[in-house]
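The structure appears right after this line, and notes come after that.
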């Protein structure tokens, strides 16, 4: 007499169904719908000095033009083979040597650049150059033509932050290369910033609205955001969980810089330690200046200037500053808010 | 003399970098940023009659309450182990037997139900029941409490469409169970439809705005959508690529039913064949009535009533109706449009 | 020696400045910027029976076609010569006799119609007829072609509510007449309601999106709104200040029916008296059914079926129902909310 | 036998109806709904030198504190007794003498200030000062506390642009005075500009979001807008109808500076004449620098630095620059666009 008819019957059913691509939800429901996020990613730190060495060696071995983009991918140790730093985001360090160009292309993927070192190279977006200085933020939004070149006499290195895994996930990648290395120049450097970056916009109906109205601005200079952060620090007590923090915005709608990526900067005053905070947007950080310690759940990272680290979704982060720490950060918060998914928790 | 210093040098570099989680973009760029989508999924068809048999067998082996949800997952043959029907979406067939309940829970995942057979069971959302009839659409949006029960005397089967893979991708899953099997009744069936479903809304500032204002409606009866589709067919020539098609909307903003999922219905007139159309939103279809043939790139499916099939991203679809075909469909178009990624192509 | 140099000096200054069109703010500031609204309008009531008699006499004296629109304007007694019922709104009673047509025109002014008596006449909007039944609401939004005709065998009377004073105030009136009395028929009656009025919309990119997407729906039948109001009354306790109230919405965005005009319906249960409530949107009411008393600051109106009354901005309104009272109402709340001006006060 | 029964009958009907506040639409329809706007206003010019003299005389006769606001209203010659420069807008010239304050109040009316002369006085908004320089734009939006003071050693004069007639029209005026002359200081000058004016915003959820998020910025310095206009002139050919033109925006949403008022600046290159353009938004202009001629339908104005002029709705405007002309302008375009009424015509 079978005392366990159910147990015996289910495996047989599973075996018969599987070839029909039918599977029992009840065996996996609790893994599919978890009570809180369980990130596939792992906290990780990249020492800039090490990465820089490898990048310069790569610079001796392959040209920017040959590579199309000469970039070292920062891949999350827990996501091997994915080229992802978090499940939804990509991070890479790009090198352009003096005299080099990276040819012009465009794609459905949205990108940001954050300058790690060097000064005077450019990113051109739809034919307008942003002359890049250390710690500048430059955007190349979805489907805008872009190329890079280094007219300075020193190597130029920046962080590339893209939504490559997000576009791959939604299976919506499109890309094309422009014939020739560079887009014809369409405007002098700074032109867009003057039209859209000063709380102004071209009067509607005039030719002055040269750029796509929904996402015109692409250069956020260090000189501007750091002055704002300095002022904030002078005026306010630090937020217990964040220190001082400012988000970059799209002047066309006041929202995040791109539909898939949000970016912000933080200042942790000297000697200050933030309280634990977690959020669902796994976040990539760059140490712009200062030093200190980051604690991400059980993991502790000693932070030095220009180091990069990643905090996965729903991992509690505390930051302790030695000398005042300034951080740049980007995440998929823009996408998560658009989809009604973003949450945070503060202890 | 080494004539290929570069080739020799790069592998060495790669070997040294890998332990530092640094990898060369130029070896993978063309796979990461493709000129057009290359879906990981494959076109697939599930015969309803077959799936139904397995489901009823499962019904004899495990109770709805034991299973929490007694559902067979329709997993894409090209995505084994993922419980996904497309990379971003989930599909399952749920059975509730007479007298059964599926206990009350809520989660960050958004769900739709499309009734395959049976009449009179209910989905309760935040304590208000939708009495489900064949081919009704019922929503259980993100973080709204829901439970199911079958007070009828026949089995009830519906399709569950969820954004489980999307929430997993963004690592933003939250869930909780309510104590006890059912949420207390908060309103009679149909209450929300009367308040929000007739191009009306409760006067703001009154208690009548009982439901969350941004996403109040959750029941779209077959009687309504099929009458609209009949009228459309009587009035218009069919669109060459779509036949007649109506999208379900959220009355609070006129947009898609949920932030991550869009749903629509189509009618292909008897004898009509649609021209090839592709879009970036991989789509799950249910044959509501009629029969015919679907051609998805090289694959051909013979369609019978209640069959289910999936068309991956950027796969050209042509549909040929024998007797008039009525289809229900859902996809991630809502998410893709919010993120600026959605595209279509018509031949 | 002048002991009041200032007083003497100011009048002289005023006299000299006036021809230069310069005037002292300080003499009028407190009238221009008041601590609370002081309406130029006055509460007023129109007995439907009286107005109807005049309207039928007008019907014997001038044809609908001669008049272009045979309408009696309900002018606020405190706003003589303005054709306004409140400073921003217009109200009129329109008569179409059997066999008559009102010729086709369009204008920047937005209009609503609320049927007072008769059944079977039509308003055609861009060539699609709404067959009008008692207490139906019909819209003719800004710049949409419209004409009326009465194919029934009885006189048809409706209330016209327009934003004529608002468009006059902003000096933005445009209008044109169509050659010929009627727009060619573009769709059968009810076509738009089926495409847009059932929480559906035509699949984007198909010809089915025949109507302007931002404002497609124009017919809100009494059968629908009254059933919703009945259900609300059965389910909820009345709101102390409003009774039961539902606002008509634009399904394309979930907002008010037109950018300048909002409309709603109320039910005051038999024997119920609402508490005093004031709001900045002066409001026109129609007694759809029932009877009772309205108290508007010091003024008291006895209400009978089909009577019309107006409550100016910021006048406290209390309504006492004898038998249950059903009211239709429209106001400029839509405009005021768009401009950040709307407020209410509840006692 | 009466050969004109209709004509005889209508006047009698009109006489009988009038006491019931009922009037025939057909006698006034063509005046109410005109084929194009007929402005009640008239083009007008105010010489700054003249107005300034009167204003300084007023300064000798009444204190800023006594006057609450010491302002000369620029009243449209065709709108006597209305304190309006166009039907929807107000313009005035305000004088603050050294050491004076204008006491703190707030109101539903939205205001802008454009500095005509003087440097170093302030407008404080919710307790944060904007230090005002010539040709700066300063906002005091709806219901934000504001006061003014002149700590410099010279008189300070600015243009006040408000929506007083619009708020009066909608009967939605609210106002209150703060006890004491000034709001306590809440932040140092420039604090808001640093938080919100550099394409940044305080990270959400932190105390740094000190200002109302929907309308935080209130100071648009001349140094910024004129640099942008200079750059535009260097880069582009002038628009034939506008010259070079930039609109001020609200960084929180990328739209107009306030819900009722839009503001912009123009540059007409030396010797350039714009083609005729009309729009429904009657507009107030200030000559910031340069000189030239404005032709408004039949009227011609010789323009000198700091003169002010008004162009009514739908009046064709051509501007001829002698030396390059820079203009500041404000209008009700923001309101008209929100209400779906705005149009322009270009010849």
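Chains: A, B, C and D, in written order; residue numbering restarts at 1 for each.
By our rule, a residue touches a chain if its C-beta (ideal position, glycine included) is under 8 Å from a C-beta of that chain, and two chains touch if they have at least 3 such contacts.
Bear in mind the structure is a predicted one, so any value in this text is a computation, not a measurement.
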Quick check: more C-beta contact pairs in A-D or C-D?
C-D
If we define chain centres by averaging CA atoms, which chain lands farthest from chain A? Would you check?
C
Distance between the CA centroids of chain A and chain C (whole Å) is 51
Can you give the whole-Å distance between the Cα centres of chain C and chain D?
30
How many Å are there between the centre of chain A and the centre of chain D, using C-alpha atoms for each centre?
42
What residues on chain B touch chain A, complex-wise?
5-6, 9-10, 13, 16-17, 20-26, 28-29, 32-41, 44, 46, 50-51, 54, 57-58, 60-62, 66-77, 83, 86-88, 90, 92-93, 107-110, 142, 164, 166-176, 259-260, 280, 282, 312-314, 332, 335-336, 338-343
Can you name the residues of chain C that touch chain B in the complex?
187-188, 190-191, 194-195, 197-208, 217, 220, 224-225, 227-228, 231-232, 235-237, 239, 242, 244-254, 264, 266, 344
